[in-house]
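Every chain is named by a letter (A, B, C and D) in the order it is written, and numbering of its residues begins at 1.
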Amino acid sequence: MELFVGIINYLVFFAITAGTYGVLSLGLNLQWGYTGLFNIGVAAFYAVGAYASALVSGPPPDMWDGRLVGGFELPFILGILAAALAAGIIAFLIGIPTLRLRADYLAIATIGIAETIRMVLKNEAWLTNGVWGLQQLPSPFYDAIHRGATGFVQTHPDLSPWLRALVLKAYNWFYLFLVIAALFLLYLFLRRLAQSPWGRVLRAIREDEVVASMSGKNVFAFKLQALVLGAMIMGIGGAFYAHYARFISPTSFEPFYGTFIVWVMLILGGTGNNKGAILGAFVVWGTWAGTDFITGYLPLSPTQEASLRIIVIGILLVSILLVRPQGLLPEMRQRRRTPRTPE
Amino acid sequence: MLSRIPQLLFYGLVSGSILALGGIGVSLTYSILRFSNFAHGDMMALGAYLTLALIPVAGTLGIPSAAIGPLSFGPRFIVAAVVGMACTFVIVVALDRLIFRRLRKAGRITLMITTIGIALSMRNALQFFWGPQPQYYTARIQLAIQVPRLAIRVKPDQLFVISVAVLLVALLHLFLRYTKTGKAMRATSDNPSLAQVTGINTERIILWTWVIGASLAALAGVLAGVENKFITPELGWQMLLSIFAAVILGGIGNPYGAILGGVIVGVSEEVSTAFISTGYKPAVAFGILVLMLLIRPTGLLGRRS
Amino acid sequence: MSLLTVDQIVSGYGDMEVLHGVDLRVDPGEILTIIGPNGAGKSTLMKTIFGILTPTAGAIAFQDQDITGLSPDRVVRLGLAYVPQVENVFPSMTVRENLEMGAFVLRGDLRERISRVTELFPVLSKRWKTHVGNMSGGERQMVAMGRALMLDPQLLMLDEPSAALAPNLAATVFERIEAINESGLSILIVEQNAKDSLRLSDRGCVLAAGLKCFEDTGPNILANEDIGRLYLGGE
Amino acid sequence: MLAVERLSKSFGGLRAVDGCSFEVQEGTITGLIGPNGAGKTTLFNLLTGFLRPDSGRATLEGQDITGLAPHHVFRRGVSRTFQIPRELGGMTVVENLMLVPTHQMGERMWNPLVRPRGVRRQEKEVRRLALEVLEFLDLRDLANDLAVTLSGGQKKLLELARTMMTNPRLILLDEPGAGVNRTLLKRLASAIRILCTEREMTFLLIEHDMDFVMRLCTPVIVMSEGRVLMAGDPAEVQRDPRVLDAYLGGQYVATDG
């Protein structure tokens, strides 16, 4: 029974993280899956979102950290708005010089912005507290729910130990609910957009920019909108991460966790398919977590374990591209007929 | 502050030489295979680590380790580096046969995403075997020599880095300019379909591109280790942004542009430390990159497409 | 024995069939011009012979050797040289380097070949080190033809050598083609500029809508009443 | 309706379009013919904003359209097709068409969210129009197929269909008949004729299938070496020896004696 409770609690924790990644993956799907924008600096928008939200709703700076600004203790929802806004602004600035050029340039520029932001996080202690990061971030309604749960356990001493363990983790259930709700709302939001004429223009741009512009569409403006909106969603993902982890530091936004795993999620799930983007997040995060169990049995040091797991994810990415480039859930259910004449 | 500038200019030349060697490979891959290789930095790190692994091997073969003249390393290290370069290109060519070749028809962006996957695996393979902590080629400490009149301090190793880079760039120039294969590479980058019509076997040219690009990448990685005194698995990834900035600055697809861009980016990064925090060195490269994209996306020596 | 035999070739791009069964024969030492209205499939025929496009039916033989479906770098080794209509030079390379690329599949000393090519195109020797990208259209055409001749081919295939050239330059190009032919080389030309090209050809052949319509001597073709109809339609 | 005045464009040393002037009258199907390299496609690119002319100007109903960006030219009522069809392969045929109408309410990002009903209504309208167009061109059965699966000829029809999605005043067709089989070609010709007479669209088309041009177009403009050689009705063009000469070349013969 104890094992069972452990598994349940783990699954809740797992789903919160995977769901947060689902948000990032949805943002990337808007940019890459629909519009064909080659953003390999997801971490930039993710990090900016997390920090913006933390600064807006986190505790004020105290004498122990070197921070001078931030910590306005505003409600969670304002933190999320700040996250979206800040990430959107960064995307806007990076979009202007690059979106008129070939895909390679946007890719390189987004790597650049991700690295630059990480440098800012490390170096600007007055704002970010440098490598020590921001701590004691508030989780929404944490005290109320946690107090409620402990109170319930205390008033019901006859609870079986495993039920007791479940109840004590009530906050995770609540946060999971928040994440899933956000994911669901975003999904509906993006589905509506994707099926709208706006989404159609984005897909047309992905297929052939010239045709889109011949059809009277301002290609640059649409690309910029997609980049900014996608980045805002990634920023929201950052906010959800910050308020659950309650501690953020530059190491949380290294390229692997911030960018590459999101790409693997989207490509595995199905580029251009929002359900695929979410599914991919859960499957890849599951693989990631699963490798943790497996490598645990190998006689390896912790860093070796981590490396081995990343190698597995890298190989996974390459294998999907080789074997099933359309992903688990392809964009269109219709099968492409094979060409009639051999070439 | 300004008195430090000559010294920083010299440091810039050293790191610019390394960036140039790395950039050449990126540029060649771009002009012949027509995609940006995001695993290039990690190929540098691979070369640096293979060299590290080969030093004891060279030792068992009886190659002396005694330092040559004022340098901090000896023949053993040089042999290891050369063999390390060869091993790097063997691995890279194998990756091409195994992966890239099967994706050539899938399009540029698929190939670029693939390079990201390879980059990730490669970097972590290094970390798996050697760990994240710095590794040292040599424990020797080298003292800088004061150059009279120029007011700079120079280490023999740094002069070695610059000379090797200059030598290799010159060799590459001779190769591209005067050998049949070199000319065929330029022809393929100029007009791939005509190259095929003249009987050039494109697959062979691609092979050569990897061999040269990967060898120079490995060398750049080794030299970065000589200059920094240590290597980490992140070594290449950390330089990737600067390398791409250099390549775009010079004009992507043009190996000579990569050299010019490398030196400019290297010098700018070093000189910037006189004015802003050292932590922002790569951000300087990024600034140059964005500026260039705004003003002249084709780069200094780039052709209009 | 004919040099090149094309037998009922069907070819095109993807699922767009352009040639619907074309026959063609080139004899040793002759100049054969293929003319025909735009979109008739002339360039497609050239590309198919040279292995850039793979035919879906039919056969191509060169000197009695089957070359159907062979890749260009194999075809080139058998003694066929091809000058495409556009992008037929390496712009960032010098004149000399362009010529050297023409003999890529050969080993050994190229000096003799180069001097033979410069005899035909003396203008090139003055601009040895010029990057071809900086040259005029006429000069580029000379470079392109010179490049093809470096291989000392049995058959030279020219796709619209006079396209986009000023009349006096076109005249020079045709003059050079005649000179090349005098050395015994067979030439297959696709031309828009039918009159000029047919004048120096032994035979001409008219291609329209992916089919060969007729074959005759140059003057007979131009005198043929059907020509006007093929080009401009009508009864 | 369309007036082209001394339009010129050079690439390197070559004058692809060289002081080209002509007019297209409203309500006509004007043919544009000429040997390869006469500058026809370049002219289309100049008119639709893909290239900037070196000199000269083009006016549409008196308004200057020289050097406008492609999407602005489009909004003035000029629509074009490409010689090699550029279908949006990963989208369905009907989506390819629904993309085209300009100023769709739902193209503003917020409208699908704030005014879903209005957007939906307009979408229905656009879809109806798209299906009508497909019906007209006999492509209705393929509406939900991915465009990449169409045959070469069907893609050509799709190009025409796209231009029908707005009410363009002037349609530029670049070799609509190339690679299209006889049956589809007839369908194409009758479609163009109906569009011209019933919907009052004006056509300017480049075509190499002369039977097609001669049957469909009046007048026919002949271009050669970047300039207009002559213009007239099909019979005149066919009779004029200069035209055949332009096709068969002969400058060299002329200068040589």
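Note that contacts are C-beta pairs under 8 Å (C-beta built on N, C-alpha and C of every residue); 3 or more make two chains touch, one makes a residue touch a chain.
Fair warning: this is a prediction, and the values are worked out from it, not measured in the lab.
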Which chain has its C-alpha centre closest to the mean of all protein C-alpha atoms shown? B
Tell me, please, which two chains come out on top when C-beta pairs in contact are counted per chain pair. A-B
Mind checking the centre-to-centre distance between chain B and chain D? Centres are C-alpha means, answer in whole Å. 50
As a quick test, compute the distance in whole Å between the mean CA positions of chain A and chain C. 58
Per the C-alpha centroid definition, the whole-Å distance linking chain A and chain B comes out as 33
Hey, how far is the Cα centre of chain A from the one of chain D, in Å? 45
Scan chain C for residues touching two or more other chains and write them down. 12, 14-15
Show the residues in chain D shared as contacts by 2 or more other chains, in ascending order. 151
Multi-chain contacts in chain B: which residues touch at least two other chains? none
Tell me, which parts of chain D touch chain A in their complex? 48, 69-71, 74-75, 80, 86-92, 95, 98-100, 102, 104-109, 111-113, 116, 119, 122-123, 126, 144-146, 148-149, 151, 162, 166
For chain C, which residues count as touching chain B in their complex? 50, 52, 71-73, 76-77, 82, 84, 87-93, 97, 100-102, 104-105, 147, 151
Touching residues of chain A toward chain B in the complex: what are they? 36, 38, 40, 97-98, 101, 103-105, 107-109, 111-113, 115-116, 119, 122-123, 255-256, 260, 263-264, 267, 301, 303-304, 306-308, 310-311, 313-318, 321-322, 325
Within the complex, which stretch of chain A touches chain D? 189, 192-193, 195-198, 200-201, 203-204, 206-208, 210-219, 225, 229, 272, 331-332, 334, 336-337, 340
Which chain B residues qualify as touching chain A in the complex? 30, 35-36, 38, 99, 102-103, 106, 108-110, 112-114, 116-122, 124-125, 127-128, 131-132, 237, 240-241, 244-245, 248, 252, 277, 279-280, 282-283, 285-286, 289-290, 293-294, 297
